[in-house]
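Two complexes come next, and they have one chain in common, chain A, joined by chain B in the first and chain C in the second.
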Partner chain A sequence: MHEAVQAVILGVLTGGVYALMASGQTLIFGVMKVVNLAQGALVILAAFLSHSLFTAWGVDPFLSVLIIAPLMFALGAAVQWLLLRPLHQDDAALLSLLVTFAVALGIEGALTVVYHTDYRTTRPAYVDRSWRIAGYQVGEVRLAAFALSLITLGGLWMLLSRTRFGRSVRATVQNPVAARLLGVETARVAALGFGLGAATAAAAGAVYGMVYSFNPNSHYDLISRLLSVVILGGLGSLGGTVVAALVMGVASSLVGALASPVWSDFSFFVVLLAVLLLRPQGLFGARLRGAL
Partner chain B sequence: MRRRLGRYRRYGPGLAGLAGLAALVVFPLAVSAPWLVTVGLFTLMYAALASAWNLVGGYAGYPSLGHAAFFGMGAYAEAIWWTHRTAGSGYGPFWTLPPIGLAVAAVAVPVAWIAMRTRTDVFAIVTITFLFVVQTLAFNLRGLTGGAQGVAMPVAPFTPATFERPFYYAMLALLLLALAMSYGVLHSRLGLALTAVRGDEDKARSVGVPVGAAKLTAFALSVVVTAMAGGVWAYYLSFIYPQFAIDPLLSIGMVLMVFLGGRGTLWGPVLGAFVVAPAQQYLAYRFGASQLYLLAYAALFVVVMLVMPRGALPTLRDRIRRAEARA
Partner chain C sequence: MRHPYRHASSSRALFAAVAATAVLVACSSSAKPSSSASSHAPLKIGISLSLTGDFSDPGKSAERGYRLWADTVNAKGGILGRKVQLSIVDDTSSPTQVVGNYQNLITKDHVDLTFGPFSSLLTIPASQVAKRYGYAFLEPAGGGPKVFAQHLHNLFFVQPAPVVKQGDVFADYILSLPAARRPKTAAYPALDDPFASPIADEVRTRLEAAGIKTVYQQIYPAEITDLTPVVSAMAAKKPDLVVGGTQADDAYRMVKAMVQLKWAPKLLYLSNGANDPHNFPGNVGASNVDGIFSSGDWFPSSNTYGNAGFLSAYTRKYGGTAGTIDSTSAEAYSCGQLLEEVAAKTGKVDNATLISALHTGSWQTLEGNLSWNADGAANSSYVLVQWISGKMLPVYPAGRAQHAPVIAALPWGG
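Right, the complex of A and B next:
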C-alpha cells in the first residue's frame, strides 16, 4: 500500500511535467490544427540550453526559463511564419505534420553536432534533496516543477481567457474565416500562438533536464507520450490535457512501481488504444472536421 | 510528327522501363567495388519500401508513419527463425521471406483496422505511436528478441567478392513486386476505390464504395513488401538491434522519397528513392556521420514541402502539358 501511495504521489508530480510539455502541443493544435511533432524536440532543445547555461555560468535551471522562453518563442513563431504559413491549403494538415517532423529532425541533427550523443542531466545542488511528508518521499525538484507547471498553465489560461490577444486566439480557433472578417489578423495570431506553445517548452525542458537524463535522440521518447496525452485529453482542449497528463502520469508510475519499470511506457499506449476504440474524440474533445 | 509522338507515348515508357531493368540487372556484374553494390542494394530497398508506402500513403491518402514497425517485424521474424538453424547453401533464408511477409501482413490488418478509424494527421500520430510500441516490445521481450543485445543470424556463406549480389537481386525482386502491385492497383477497381477514399471518404462510402475493404487491402499489400524487405535487410546484416530495425527515420525516409517523387504515381517513389538513398548512403560512407543526413533530410523535406508539395513527377507533367498546350 505504501508503495502504491508513493507511486501515486510521484505520478501526480510527473503528470505536472507532462501537462507542461503537452499544453504547448495542445495550444498549437488548438490554434492552427497543426499536430506539432517537434514539440518533444523543442523540450529537449530547451533542456540542453538550460544545461549549458547552468554548467557554463551557473544559472539556476528555474531562472534559465526566463532566458530560454523568449528564444523558444522566437523559434516557434519563425517556424510558423516561414515554414507553415506558405503551405498549400488543400492538404495543409498532412504537410504541416511532415514539416514539423522535419523541424524535429533538424533540431536533433543540430544538437547532435553541438553536444554529441552522450546522456546528461542538469544537476544543481538541490536536485537530490527531498522532504518527508507523513512518511512519503517528495522530491524538491519535482515539487518545484509541479508548481512551475501550475504557474505556467495558470498564466496560459489567464492569457487565453482574459486578454485581447487571448480572445483573438480563441476566435481563430473557433472560426478562422469569421475571425478574419472581424479584423483579427489570423496569420499573426497563428505565429504568436505557435511561439507561445514553443515558449512553454522552455519551462518543460528546464524541468525535464533535472528530472531525467537526456540526449539529442530523447525527443523520440517524448513524441509518443505527448501525443497520447493530447489525444486522451481531446485534441485542442487545455483542461483535458491537464487531466490526461495527470491520469497518464499516475498510471505509468503505478505500473512502474507495481509491475516493472520497463512496462510503464506501455500504459500510455494501452490508454491510447482504449481511447481510440471507445471514445475517439478523447475525454473532453469535440469531434473535429472529420479527423476522427 | 504527332503520330510519332503518339507511338512514343505508347511504347516509350515500356521500353524505358525494360532498359532500366536491364541496367539494374547488369549493374552488380559490371561494377567491381562492393561498396557501390551496397549503395545499389540500399537504393533498391528504399525504392521498394517507398513504392509499398505509396499504396497506403499515396493512393489511399493515409500517411502511415509506422511502416518501420512492419519492416522491423519482418527483420526480427527472419532473424529469430534462422538463429538456431544453419543457412546451408545460403539461399534458404530467402525462401522464408514470402511466408514472413504474409504473416506480418496478417498482424498488420487488425492494427490497420483500429488505426484507420482515424484520418490524416491523427492516423499519422496513431501509426507513429504504434512504431514506438513495437520498438518497446523489441527492447523488453528479451526472451524472444534478445532485448538491447539484439539477435544474430548465421552469416551468409557467399564469397566475399560477390557477397552483396544475392541480396541485391532479392531487393530488385521486391522492387519489381512492389511496382507490379502498384500497377495492378492503379489499373483496377481497387485503385478507383482508393482514389475515391483519398478524395472524399464519406462520399465514397455513401455511394457504395467498399471503403474499409479497399483500405485494408492496400495496407496489407504494402506491409507484405515492407516486411520482406526487412527480412532481406536482417539477413544481409546478420545482426539486428531494436533501435536500427525499428527506426522512425526509416518511416520518414519512405515518406520523404514518396513526397519528393510524387504521391500516388507509379514512378514517383522510385525516382525519389533513386535520388535520396544514394545521397544518404554516400554521406554515411564518406563522412560516417548520421547527424549530417538528419540535417540534410530536414532541409530537403522543407524544400519539397514549400516548393513542390505534390512531388517532382506531377509538377513536371504539368509543366510539359502546359508547354504543349502553348505550342
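Right, the complex of A and C next:
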C-alpha cells in the first residue's frame, strides 16, 4: 500500500512537470491548431540556456525564466513569421508538421555543436530537497513545477478569455477571413501566439533541467508525450491539460512501480486510446466547428 | 633474317606480357598490405572515426588519442625509423560508410596498417573488411558480444575484457568479503541495452550462486525519463546491495531518484555513468557521489604502463585536466602502444607479424597488461573504482588499487 501511495504522489508531481511543459503546446497545438513538433526542442533549448546561466553566472533557474522567456518568445514569433506564415492555407496543417520538425532538428543540431552530447543537470542547492510527509517523500522542485504549471496555465486562460489579444487569437483560429474583416491583424496575432507558446518553454526548460538530466537529443522523448497530453485533455482546454498530465504521470508511475517500467509509458497511451474511443474530443474538449 | 613483323610482334607480345604482369601485380598489391614499403617511407595507418553523427563525441576522443600517440612516437623518431602518418577519415557514425572508408584506405590509399573505429556497431563491419585484406585490426571501442562472435583471428579488442564482463570485478570484490560482511540481499535494475543489462546479469548469476538472494530484478527501457517509480519499488524490497546495469543518463537518474526518495542501499554499484569523473558529479551532485562503486578500463589515476607520460602529453597538447580525459582517448592511444611494442620486440611492423605476435604473451598498455583469446577478446579484468572523499579511486583488485574499498552509508541515506 505504501508503495502505491508513494507512486501516486510521484505520479502527481511528475504530472505537474508535464503540465508545465505542455502549457505552450496547449496554446500552439490545442488553441491555434498548429501541429508543433518543435515544442520539445524548445523546452530542451531553454533547459540548456538555464543551465548556462546557472553555471556561468549563478542565476537561479527559476529566475532565469525571466531572461529566457523573452528570447524564446522572439524565437517562436520568428519561426511563425518566417517559416509558418508563408505556408499555403490549404496545406498549412500538414506542412507545419514538417516545418516544425525541421526547426526541432535545427535546434538539436545547434545545441550539439555548442554543448556536445554529454548529459547535464542544473543543480541549485535546493534541487535534492524533499519533504517527508506521513512517511512519503515530496520533492520541492517538482512541487514548485506543479505550482508553476498552474500559474502558467491560469495566466494563459486569463489571456485567452479575458483580453482583447485572446479574443483575437481565438477569432484568428476560428475564422481568419472574418477576423481580418473585423480589423484583426491575423498574421501578427498568429506570430504573437506562437511566440507566447514558445515563451512558456522557458519555465518548462528550467524545471526540466533540474528534475532530469538532458542532452540535445532529449526532445524526442518529450514531443509525443506533450502532444498526447494536449489531445487527451481536449484540444484548447487548459484545465484538461493539467488533468491529462496528471493521468499520464500517475498511470506511468503506478505501472512502473507496481508492474513493470517496460509498460509504464505504454499505459498512458492505453488510457489515451480508450478516452479517444469513448470521447474523441478528449476529456474536456468541446466539439467545435470552424476550428482550423 | 630478322623478320620485322615478327620482331615487332614479339616486342608487342613481350610488352603485353609485361604490362599484363604489371597490372596483375598492381591489382594484387592493391588488395594486400604493403609490407614491402621502403624502410624510410612513412608508416601509414588508416583509421575511420565518427567525427560527425551520433558517435561524434567519443569519435573525437578516439581521434585525440590516436593523434597524441602518433605525435609522441614521431617525436621519438617513429617506428623502426619510419614516421607514423595517420589517415583519419569520417564515417559519420554510419556502419555503411565505415565499410567504404576501410575499403578505400586499404585499396586506394594503400595504408600499411589499420586501427579500429568507435563502437561495436561500426567495428563489426570494419573488422570484416580488414580480415578480407589480411590486415591486423587493433580496435579500441568494439567490445560487444557480436564483435567476438565473428571469430576473427586478426581482431584485438584493446580493453581489459569484453564489455559484458565489466561487472565481474565487483562480484570478485563482494565474494572476497568475509561471509559475515557480505550483503544478504540484492536488487538488479538494468537498462534494456546490450551494454548494460548483461553486465548486471553476469554479476547476479555469480552472487546468487554464492547465496546472495535476489529480491528485485527489473529491466527498464531507455525511453523512461523518470526512474523514481523503479527506485521506489526497489526500496520497498529493502535490498542490501543494488547492482545497476546502467549507461550514463539512467545512472544519473537512478541516483537522483534515490536522493529524492532519501533511500540508499548499503552498497551501490553502477556499471557505467558513475565511472565518468567529469559528468557524474555534475549530474548527481558532488555531495552525493561518495561510496558509489563502478568499474572501467582506464582512469586518470591508473598506475599502468606509460600513463604518467600520457596524462602530461595529453594535457600539454589539448589543455584541460587529467580528470576531463575521456577513456576512449586512452583506449585509442593503447592501440599505438601495442604497435610500438611489437615492432620493438620483433623488428617488424607488418600485419602478419602483428597478428601472430599479439596472440602470444602479454603486452603492456595504458589499459593494463593485455593478452587475447582467439576471437580477439582480452583476458584481463576491469578495475573496480569507488568514489571516496569526492574522488574516484581504483579500489580493486589489489594490484591496481590506490585505496581500500570503503563500506559506509551513502551520503543521502535516510
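In this text, the second predicted complex is superposed on the first by the 275 of 292 C-alpha atoms of A that agree within 3 Å, B and C clash if a C-alpha of one lies under 4 Å from a C-alpha of the other, contacts with A are read in each partner's own complex, and residues count from 1 in each chain.
FYI, contacts are C-beta pairs under 8 Å (C-beta built on N, C-alpha and C of every residue); 3 or more make two chains touch, one makes a residue touch a chain.
In this text the structure is predicted, and so the values were computed from the model without any measurement.
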item	value
First (chain B), second (chain C), both or neither touched by A:L227	first
First, second, both or neither for A:Q137, with chain B first and chain C second	second
Which of chain B and chain C A:L97 touches, first, second, both or neither	first
First (chain B), second (chain C), both or neither touched by A:H2	second
Partner chain(s) touched by A:L87 [first = chain B, second = chain C, both, neither]	first
Touched partner set for A:R164, first chain B, second chain C, both or neither	neither
Touching partner for A:F269 - first (chain B), second (chain C), both, neither	first
Doubly contacted chain A residues - partners chain C and chain B	112, 262, 265
In the complex, chain A residues that touch chain B	35, 37, 83, 86-88, 91, 93-95, 97-99, 101-103, 105-106, 108-110, 112-113, 220, 223-224, 227-228, 231, 235, 262-263, 265-266, 269, 272-273, 276-277, 280, 290-292
For the chain A and chain C complex, residues of the former touching the latter	2-3, 6-7, 10-11, 14, 112, 116-121, 123, 127-128, 130, 132, 137, 139, 212-213, 215, 221, 252-258, 260-262, 264-265
Complex contacts: residues of chain C adjacent to chain A	54, 56-57, 192, 218-221, 223-230, 232-233, 236, 248-249, 252-253, 256, 259-262, 279, 282-285, 288, 412
Chain A partner contacts - residues on chain B that touch it in the complex	63, 65, 114-115, 117-122, 124-126, 128-129, 132-133, 136, 139-140, 202, 248-249, 252, 255, 259, 290-292, 294-295, 297-299, 301-302, 305-306, 309
